[in-house]
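Structure, as structure tokens:
Letters A, B, C, D, E and F mark the chains in the order given here, with residues in each chain numbered from 1 onward.
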Amino acid sequence: MTAMNAANPMTGMTGSPGAIGTQPIEYAAATPEVRAVYDDIMATRRTDWVNNYWKVLANHPPTLRRMWDTVKQVMGPGALDPLTKELIYIAVSVTNGCRYCIASHGAAARAKGLTPEQHAELVAIVGLANETNRHAVALDLQIDPQFR
Amino acid sequence: MTAMNAANPMTGMTGSPGAIGTQPIEYAAATPEVRAVYDDIMATRRTDWVNNYWKVLANHPPTLRRMWDTVKQVMGPGALDPLTKELIYIAVSVTNGCRYCIASHGAAARAKGLTPEQHAELVAIVGLANETNRHAVALDLQIDPQFR
Amino acid sequence: MTAMNAANPMTGMTGSPGAIGTQPIEYAAATPEVRAVYDDIMATRRTDWVNNYWKVLANHPPTLRRMWDTVKQVMGPGALDPLTKELIYIAVSVTNGCRYCIASHGAAARAKGLTPEQHAELVAIVGLANETNRHAVALDLQIDPQFR
Amino acid sequence: MTAMNAANPMTGMTGSPGAIGTQPIEYAAATPEVRAVYDDIMATRRTDWVNNYWKVLANHPPTLRRMWDTVKQVMGPGALDPLTKELIYIAVSVTNGCRYCIASHGAAARAKGLTPEQHAELVAIVGLANETNRHAVALDLQIDPQFR
Amino acid sequence: MTAMNAANPMTGMTGSPGAIGTQPIEYAAATPEVRAVYDDIMATRRTDWVNNYWKVLANHPPTLRRMWDTVKQVMGPGALDPLTKELIYIAVSVTNGCRYCIASHGAAARAKGLTPEQHAELVAIVGLANETNRHAVALDLQIDPQFR
Amino acid sequence: MTAMNAANPMTGMTGSPGAIGTQPIEYAAATPEVRAVYDDIMATRRTDWVNNYWKVLANHPPTLRRMWDTVKQVMGPGALDPLTKELIYIAVSVTNGCRYCIASHGAAARAKGLTPEQHAELVAIVGLANETNRHAVALDLQIDPQFR
């Protein structure tokens, strides 16, 4: 599989396709196109580093660009405050059991002011919702007219 | 299955066990124990009705009591504001595809001030998180040291 | 799509591929091969009818045969008693939100002796497990050495 | 984040909120309130140790108390025997992929008499149910009238 | 909630936020911005109608635009053929139990040549994968070195 | 638990039931029945080794036989080409977060010709489908008549 390990000249991808541990592309090794995205990430987030999500996505530049544009739009300033947006993200990631995302967005939430008490409440709500979601389908609950 | 349809004198349960469409227990037909819980729900929520989740759970009074105590504690006043708590609940319910809970907590969120723009942002975040959760496991992302 | 509605002579399949509402194959319209499976289902279960799961699978006879052989082996007599096997099945189906399976296996459980109290306990456990599963990943619990 | 590492005097929480690896609270370091719950866990389970689920939840004493009360009620003696309750718990935990819960409740099941053959049957049923749950929604099965 | 039913002048959204049954925006009632997206959908797909997914998303034009751009990029011509892309989409939608998406992408797959036999094989694989995924976590399988 | 570690004479199972890390049965230690299955796996796949999925399932020979017969039938030659079958398998495994299956079927896909670009497209589609599945239920989309 040595050919696979070299960067594919057309797509910029490295690493075995589908291999676990697809390699992150570090800034120094990135194409100008990828570096432009990295620069925008760091400028927008006011950090001096890029995390593994972006560095591994960078193996496929169209997806890197699309996902960064999406994250900027969806997680940027809006009608919901930044911390609330992270709490929603963590709620989904916990429900799905995604350790990477829980760690990543947990760190983001802390940076946006999450306190220990708020975190405990978040975890309690996520657990409770996962519980009552199953009660609802087990008992075949009919949606009350007042909810429509 | 006629014996099953009558209320079980010991547990207070009605309806076929495991049947879809297990019957809600209306206030007028409820035991004093169940009515006490209904009264507390209506007083706490300042409403004059009880929804199907509680009325069907009432077939098993220990569970009705436990779940109401839990919901009061977890969804009550705390470090997270009431609307944020509902948004977290909806995020989980959408991820799990629970139509009853989406309707129920959507109504609760609206009553607590949810605007159309906020709702659109919530849905966008829930979709995005479900997407990136899968990217993370497909690409076997390693948790960055900065996140620990 | 009229060609799709006719039975495909080679595979015996009817209905639009992928269409919702793929048609059940009734006994009277079934090939001898399919009827043989239906007969075995009814003999094994001591019933005089076949449910929609089997009648729709019958559109693809190899899958009908394989799934009936599997169900006979996995759900047949063994080290776990028949009711316990149905409770496990319901637990999974509730977790996944499969209404058809909840209804189907709920009926099977009732036929095997499930009482209302047992059903209430089952639903409570399924809800609780879905709750603590999320606590575990949210809090990144490390497996205790005593559990290995 | 040094302030976060110290125990929060108001809530008793330690560790970064949302950090992976939130620290377990050992008995020796626990408040009297938390020790009381630990004592009840050990007395009820007739063990001389407390597992990581409880020790990490202990960072938020209200949740520790609530979850222990819940587990005592839901997993305690009832209409379902203790081993069956653990099998249901494992079925859910396997479906959700929760390694901690599979290990924890696997150990509990073994302590309650689970044999290798029973375990193999449990795993086979959980796999099969996850399979047929998907057949059901893919084929849009209609619930048979006999199941209602 | 009458104010909520009217179109919000700033965001263009109609309907109760979070209400089930959020209303689809028909072409005739759409803003020029939304019509432009509808036109592109119909031109790209060579159809004369727009489905409910787009018409309901149209309540929040930024999301409508983003999702259409995404779908065009991800589901457009590429290294995977169009039918294969739909099969992957259906596999996910069946796993998650999304009836709308199963119907929508099932129709798309048929239009791209899906045969009844191919559909049956797809359903069988999705069921089997959901089964073996649970075997793997239940048995705590270690990843073979040959797979890395 | 030493008795549990020895092979159970009746079932051939080794290892603690339900223990994480149930032991794989190597060829040299396998019964003739199990070796026959291993031989068929290696002959069918033209390999000289058997992976952990089969070696751990071998603790329960009926399940080993059943699953190998199933995999041969479902993943064997058919109306879908071999690579497409693996892509469907990976799509499900990513959605469910099964690391073992992603690694195993990723390797199989590579052996059947998967390129880096195809893999990137697969991951993008799986992410997108998981996103739109949630949009659909959050917005309570009604299935368009054209899809039936």
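Assume contacts are C-beta pairs under 8 Å (C-beta built on N, C-alpha and C of every residue); 3 or more make two chains touch, one makes a residue touch a chain.
Bear in mind the structure is a predicted one, so any value in this text is a computation, not a measurement.
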item: Chains contacting each of subunit A and subunit B, listed by label; value: C, D, E, F
item: Chain pair equivalent in interface to B-C, over half of contacts matched, among B-F, A-B or C-E; value: C-E
item: Mean-CA-position distance for subunit D and subunit B (Å); value: 20
item: Subunit A-subunit C separation of Cα centroids, rounded to whole Å; value: 35
item: Cα-centroid distance, subunit A relative to subunit D, in whole angstrom; value: 27
item: Contacts with 2+ other chains: residues of subunit D; value: 19-21, 70, 90, 95-99, 102-103, 106-107, 115, 117-118, 123-124, 126, 128, 130, 132-133, 135, 137, 139-140, 143, 147-148
item: Category of the chain touch graph - line, ring, star, complete, other; value: complete
item: In the complex, subunit F residues that touch subunit D; value: 1, 4, 8, 10-11, 13, 15-20, 59-60, 63, 96-98
item: Residue ranges of subunit D in contact with subunit F within the complex; value: 90, 97, 99, 102-103, 106-107, 109-110, 114-120, 123-124
item: Residues of subunit A defined as touching subunit E within the complex; value: 19-21, 62, 66, 69-70, 73, 143, 147-148
item: Complex interface listing, subunit D residues touching subunit C; value: 20-22, 49, 51-53, 56-57, 67, 70-71, 74-75, 78-80, 84-85, 87-89, 91-93, 95-96, 98-101, 103-104, 106-107, 115, 117-118, 121-122, 124-126, 128-130, 132-133, 135-137, 139-144, 146-148
item: Contact set on subunit C toward subunit A in their complex; value: 90, 94-95, 97, 99, 102, 123, 126-128, 130-135, 137-140
